[in-house]
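The two complexes that follow have chain A in common; it is paired with chain B in the first and with chain C in the second.
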Partner chain A sequence: MEVYEIFRRSGHKNPFEHCGAVIAPDPEMALLLGKECFLRRREGEHLWAVRRSDIHALEDESVLEIAADKSYRFASDYRDVVDKREAARRRVASMSWGGAS
Partner chain B sequence: MKEALVSLVTALADDELIIGHRHSEWTGFAPHIEEDVAFSSIAQDEIGHAAAYYSLIAEVTGTSPDHMALGREPFEYRNAVFCERLNRDWSYSLVRHWLYDTADDVRLAALQESADASLAALATKMRREERYHLLHANAWIKRVSEGPVEGRTRLIDALGMCYAEALALFDILEFEDSILENNLLPCSSSELRGRFSMRATSELDDFGLPADVHRDLDDSAEFLASSSGDLIASEKDASSASARPGIGGRAGMHSDEFKALWDEMTSTHRLHPEAQW
Partner chain C sequence: MSYEEKLEEFNRRVEAGDKVEASDWMPDDYRRGVLKFIEMHANSEIMGALPERECLPKAPTLKRKMSLAAKIQDEIGHAQLLYRVAEDLGKSRTAMYEDLLAGESKFHNVFHYPVHHWGDVAVIGWLIDGAALVTQAALLDSSYAPYTRVLKRICSEEQLHLRHGEHITLQLASGTDYQREMFQEALNRWWLPIIHFFGPRSNVAKDLLLHWKVKTRTNEDLRQEFLDRYVPKVTELGFSFPTPVPRLKGDAWVVAAEDIDWAPLDAIKKNRGPETQRRLSRRRAVYDSHRWVREALSEPAVHAA
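Let's look at the complex of A and B:
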């Protein structure tokens, strides 16, 4: 018997999401049991079973930590661009390009 | 016509209700938690199918589905004795589950051709759900039959107890002549039994399980419809040693195992017949 992680998809445009695990002797049985355990109320329209031993996990989670300031990698850091652009447009509009006065 | 429809649908409904009840007794006791959930869910499906059949009867007769399920006397139930047997052990329940759902598939395929449109539509709907039951039963039988010798031996023992009794799912129904005349069923119960036993023996053969454990069965003990529509035992006494075991359910004759099940299943309803669920 092995542990199978069960993933389900709630709609064909949605990603598969992890919903639990079953212990089963093989993939076919894992799907049959996973269906009853996690989809019997029609919570999804598709099902995956993945042998847990086939999942490769990071050995050291600390590599995910970010040491220095990486704010430039986040969209939120560029929120003031809209204001800056508006200010620039206003500046351009108010400029005089010569002509009669 | 009306009594023929009620006779046919009552037999179908009672089979589903009683086997569903037996399946549900595994809740909390199945070999592992995943199977506990799966088998309990199958039990609920079968009882749900019974409810759908009882509603069909209620439309014709005006009785309530609750009364049909829980308000009758034991001799009024028409399920095959096969469905009411105690669970014994997991292998017995598995083999019964496999035989029952294989038989049910044969029966539902025929019912899809019924002249009664609502019965035919219901059969089509149920057969979709029954597909999972068959997959589940086949998956289990395949694995246990290919596994260690103990499991295989237990399957063979259970087949010895179950196979002949499963044939009684296709014993003649009350008002069978009228059922056939009105095309409620496209072919006779014994024709369906032939289809079932051909399919079951061939699939058991694929599993490498002995399908001929009961080849020497005496098939002459049958219940025949008398002119009054009652069923009478023909040829041989049903209790004689040579008779096929487990017959009589379609005529309301049940085992002591059924009496105990009925006592438990109907106890709340008998205490509070007016209760609404």
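Let's look at the complex of A and C:
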């Protein structure tokens, strides 16, 4: 008997998501038990069973921490576009005055 | 790192609201406490299926019979999810099944009582599932993350059970005098066990599960939420409560501490409830008669012939 992690997909637009685990002697039984445990109400339209021992996991979650300031990788770093747009408009407005002279 | 340093870091993490995964380092007392807690929850799901199973032949219509059977299947499903989570803390499912049968581990007090008629199904489905949902919803923020993930599924199914139980109750409440008496009679028997369900007053200083945020709220806090939520609904339907009678104090429905007789709960803790032994022997019979399924599962090649 082995632990199988169960994943289900709730629609073609969604990725497979982990929903739990079962203990089974083989993949066929793992899928059957997974269906009974996690898909009794059509919560998904497809199912995977993966042997837990086949999953490679990070040993050290701290490697996910971002070492330096990398705020430029996030949309939140660009929230001042509203001010920037306003400044640009003012700049253009001043140009058209200048152009008329 | 020494054990003390690890413990200190663990305490700091949990205190800050961090969640614990099965693969994380945890103090032995945390592992033992969480395991015992989830094991009892799993036991209760499996033992809780038995009283409702006994009610199946009493279903008034085919539809009620089908829906009750589906609910029983859900409860067994909850047990499967919970045992799986408990197993990852280091105790085999076989050991948990056998400890339950040997009386070494516990199951919830309400499943130690007999069921008499369809009114019991209404009270169990509405008020006992309502009580269970109050306690389980409070655990959704538990510090042990694998438990919270299965609880998400369990709670969403319990919501359905609650609706199902309320539906049955409302049908009795709007039916004949005899149907109303069925509900009232069942409520009279179940009220004290429901009050017991939340347990005696929590000892906050000593309760390690509260300390480590495995449980997030005290027993009396949960009991109070249940009373405030359900007493008005029951009263509105024209039913009354036996001792301990809830009384309105300010805006809270309160049962006086001195009105609660704890002796029946103490007996149940020693597995001396009214139905404890009969239910356990029923569970044992099922466990034995299904042995061939477990054997076929564990060695499919041998049994395939």
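Assume the second predicted complex is superposed on the first by the 93 of 101 C-alpha atoms of A that agree within 3 Å, B and C clash if a C-alpha of one lies under 4 Å from a C-alpha of the other, contacts with A are read in each partner's own complex, and residues count from 1 in each chain.
Throughout what follows, a contact is a pair of C-beta atoms (placed from the backbone, for glycine too) under 8 Å apart; a residue touches a chain by one contact, two chains touch by 3 or more.
Since the structure is predicted, the reported quantities are computational estimates derived from the model, not experimental observations.
Once the two complexes are overlaid on the shared chain, A:K35 sits against chain B while remaining clear of chain C.
Using the contact criterion defined above for the overlaid structures, shared-chain residue A:V22 touches chain B and also reaches chain C.
Of the two partner chains, neither chain B nor chain C is touched by A:D69.
Comparing which residues of chain A touch chain B with which touch chain C, the overlap comprises 22-26, 29, 33, 36-37, 40. The part of chain B that touches chain A in the complex is made up of residues 32, 34-35, 37-38, 41-42, 132, 135-136, 139, 143. Listing the residues of chain A that touch chain C in their complex gives 1, 19-26, 29, 33, 36-38, 40, 57.
Considering their complex, residues 23, 73-74, 77, 80-81, 84, 87-88, 93, 149-150, 153, 297-300 of chain C touch chain A. Residues 22-26, 28-29, 32-37, 40 of chain A are the ones that touch chain B when the two sit in their complex.
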